[in-house]
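There are two complexes below, and they share subunit A, which is joined by subunit B in the first and by subunit C in the second.
Presenting the complex of A and B:
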């Protein structure tokens, strides 16, 4: 009973949050000055000064209802499908790249976590690099991966462009998994480790029966974060290596036409938000399956 | 070793535990800490021995040495005539701690069967053994519950069943009832006394409680801190049975007084003698 009412209130608060953002958007659009507020502008010099409040005219901030209406109009005129269909198609394609990236990232992160937990020396040697890896801008890193991929492709081994996208997505996805696995595998209580020792259980039985189950509460949030990261990585990778068909490319394309069709780029924007939610939500389902391994969470 | 000890179901000639001059030092910041020194102790097969003493007297350390969870830094320690490590690998002992230490994601049955799974007992045989053990500790109706659905006393009974899973000849218990209320505690003491005599296992039992030590034990080993050492050993001589009336008897109170005096190092004035 209590958990059901809690779930209901979670949903209610979620809806309130979305409505609040929508309300703020329309409120500011209604109240804010059409040309924004700029301080220190030089007369007759466009783009000078610092804008402290954004413009609110329809080209900069389309109405929410215009954004939604645009979803049901043709994507690019002629007999092209409505925007919503194009967005969903592109989003599904990107979801596929992100999923492959997630799998690679989870595998790499899990192996790193295992090695770091097993040998303290590996943790000291590797963990700083794992952290540094995340400070490398993806925009700079993505073309390098693509270039290497093209080299491999040209030398005979097939390397489709989407694999570069997945690989770049995995680069963001592996980090939370590596850190979560390291923390989670080290989480069992001393008493449980003593107990396994008293059973003369070696590394693998202890890993299988104690460390992995005990790591589940740490791994689930890590996997969810990895899913969201994989989506971001896939979108950015598409943009930066110029791959067609996915939602990242669509976003850039429609944003380029933004001044003539301001509501259009919001379609793929909503699409990528939905994509992130779907990706993170899929992991939440995994959490339900593994709920028995989360029993410690409430009491511990 | 007294003749009565030998008749208590022991087939192996070697004592359950034999310690000769055992010591333990821990490395600490600013030098070494002497946790245990000059421990001579022999626990016969089937014998129930309590280790009692104030905090820091090394009673838990001694138990961990016997269990090969830590290694002695001095002296000789044998468990059933083997090194503690060999005894651990051979699964000669079962162990229970102050916290039940159940795996929260396993049911009662799953927790009891953990050591059996680890040692690759067959499924059918395992289920049978788990049912038998659950019955022994009176939890047959709760085998499908998870630890967070059980009281502290029930969790501790699961831990005892788990420790008994492989019919160990030696049971090591580190304040297993320390966190329980007095009622549950007395009940589990009686249960443990019954189980120990039924299984014929030797027990080394660490406790803070004088009445608990006296009620359960054949011998009470009194220890003292700084450095941890054995200062006295008191035989209770109650024999095999632990009837409920024992807790009210003169003999019992006399032994409680004896252990208390041994702990304090001088005769203690009793209220009714003033």
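Presenting the complex of A and C:
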């Protein structure tokens, strides 16, 4: 009974949050200056100064109801399907890339976590590089992966372009898993480890019966973070390597037509938000399966 | 003894070949010398962007069966979303022919030493504009001085630098800034003048409602500098082929002529039926994977403007030496923000050839196709968003 009322209040607060963002958008659009506020501009010098308040005119900030109505108009006029259908199709494709990226990322991250936990030397040697890897700008890294993929493809081994996207998504996804696995596998209390040793259990039984269950509360948030990261990685990768079909490319494409159709790019924008939620939500299903091991996890 | 064995072998081979030939109903052989080859029936054409009326001639040729008419069973038109650089795809052998702007290919030729030949100069004129607000006084390239000038970059900026060089301006006196593919930079006055193609972004700005009047913006609201009227004008959409393959592979050279015949016929159709051609391209675009073209009215405008660039009075697709010399001179004189030229030296003479297009045009004329002349523009009334 208590859990049901808690669930209801979660939903209510969620709805209130979304409404608050929508209200803020329309409020600022109503109150804010149409041309924004620029400070430090030199008279007669275009583009000088710093804009501190964004523009609010309809091209910069379309009304929410315009964005919503646009979803039900045809994507490119004529016989093309409505924008919502195009967005869902594109989002599903990107979700597929992100899912493959997530799987690769989780596999790589888990192996790294295991190795780093097993041998302290590996942790010292590898962990700094794992951290450094996340500082490489993705938009610089993505075309390199794509170019290498093209080379491999031309040499005869098929390398579909979507695989580059998935690989780049996995690059963002593996990090939280590697760190989460390292922390989680090292989480069991000394006393439990000693107990396992007194049973004469080796590395593998200890791993299976003690370390892995203890790691679950650390791994679940890491997997959820990895899912969100994989979506971000897939969208950015699509944009920077120009892969067509997914939501990232669709966003760029419609933004290029944004002067005369400013509400259109918001379709794929909402699509990618929904995508992130779906991806992170799917991991929550995993959490239900493993609910026995989740005792120590902080609710988030 | 050995000698006679070899002669016997030769004779046997010749006889086998003769029997095989006689048995064969098609005229194909193994391609031993220039006269004999297996004609290419399946080719790929790389575009430089997504399907839109800029490429109508190719989609019309596909739709109207012109490729089949000239012996191709299968022609794949490969769009690019910016992921594929047409000349790179051609060099790598991924495609057989490619559509690309001349200055971009000149840059690739000098940078990497590849050999490509412009076998048909589809657009005879430059379609690049620099658009500014009426009253800001930017009516010529000389007026760029001290202004903020928008450009897309990615090799689309060289006409600006060439025109500036001819007027004695460089990037220290003009602020060149990157703009995106929408026209918001000009509409929001983030730039003084924005780059636009006659057939695309210029229409996009005229598809926006002017908040002051409640009507669409009108051409009179803007000043337009057309690079075609400046020394910076460069040749744009051209069909490129692999130079070495043209020389060594007679089947490829033959396919080039047949391909150009079909393409010419496609563009002739677009010249005579702009509405149909725009509709054919638009339908190809909305059915293609994730092209998201601007609406049908926009495509008709584009078709109309593209026809103006193609049909300049002479034969379709002929390379004009004066225009080429101007392009090369501009490419050598243009200096970008980093102080670099597009090219330092003249490209090889093989960079363009009229051999294939002239042959194609001659054969088409024999078939009664009118392959030259000018285009009579139609009146296209733009709508909001081009839909």
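We adopt the following convention: the second predicted complex is superposed on the first by the 294 of 300 C-alpha atoms of A that agree within 3 Å, B and C clash if a C-alpha of one lies under 4 Å from a C-alpha of the other, contacts with A are read in each partner's own complex, and residues count from 1 in each chain.
In the analysis below, contacts are C-beta pairs under 8 Å (C-beta built on N, C-alpha and C of every residue); 3 or more make two chains touch, one makes a residue touch a chain.
Keep in mind the model is a prediction, meaning the values are calculated, not measured.
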item: Partner chain(s) touched by A:177 [first = subunit B, second = subunit C, both, neither]; value: neither
item: Partner chain in contact with A:201 - subunit B first, subunit C second, else both or neither; value: first
item: Which superposed partner A:86 touches (first subunit B, second subunit C, both, neither); value: second
item: First (subunit B), second (subunit C), both or neither touched by A:232; value: neither
item: Partner chain in contact with A:260 - subunit B first, subunit C second, else both or neither; value: second
item: Partner contacting more residues of subunit A (subunit B vs subunit C); value: C
item: Subunit B versus subunit C as contact partner of A:168, first or second or both or neither; value: neither
item: A:293 touches, of subunit B and subunit C: first, second, both or neither?; value: first
item: For the subunit A and subunit C complex, residues of the former touching the latter; value: 35, 45-47, 55, 57-60, 74-80, 86, 90, 146, 150, 154, 161, 241-246, 249-250, 253-261
item: Subunit A residues touching subunit B - in the complex, by the definition given at the top; value: 189, 191-192, 194-201, 205, 209-210, 213, 216, 292-293, 295-296, 298-300
item: Subunit C residues touching subunit A - in the complex, by the definition given at the top; value: 50, 79-84, 92-94, 147-148, 175, 177, 180-184, 187-192, 204-205, 207-208, 211, 282-283, 285-286, 289-297, 384-387
item: Complex contacts: residues of subunit B adjacent to subunit A; value: 67-69, 88-89, 91, 93, 95, 97, 99, 101, 103-105, 114-115, 117-119, 146-148
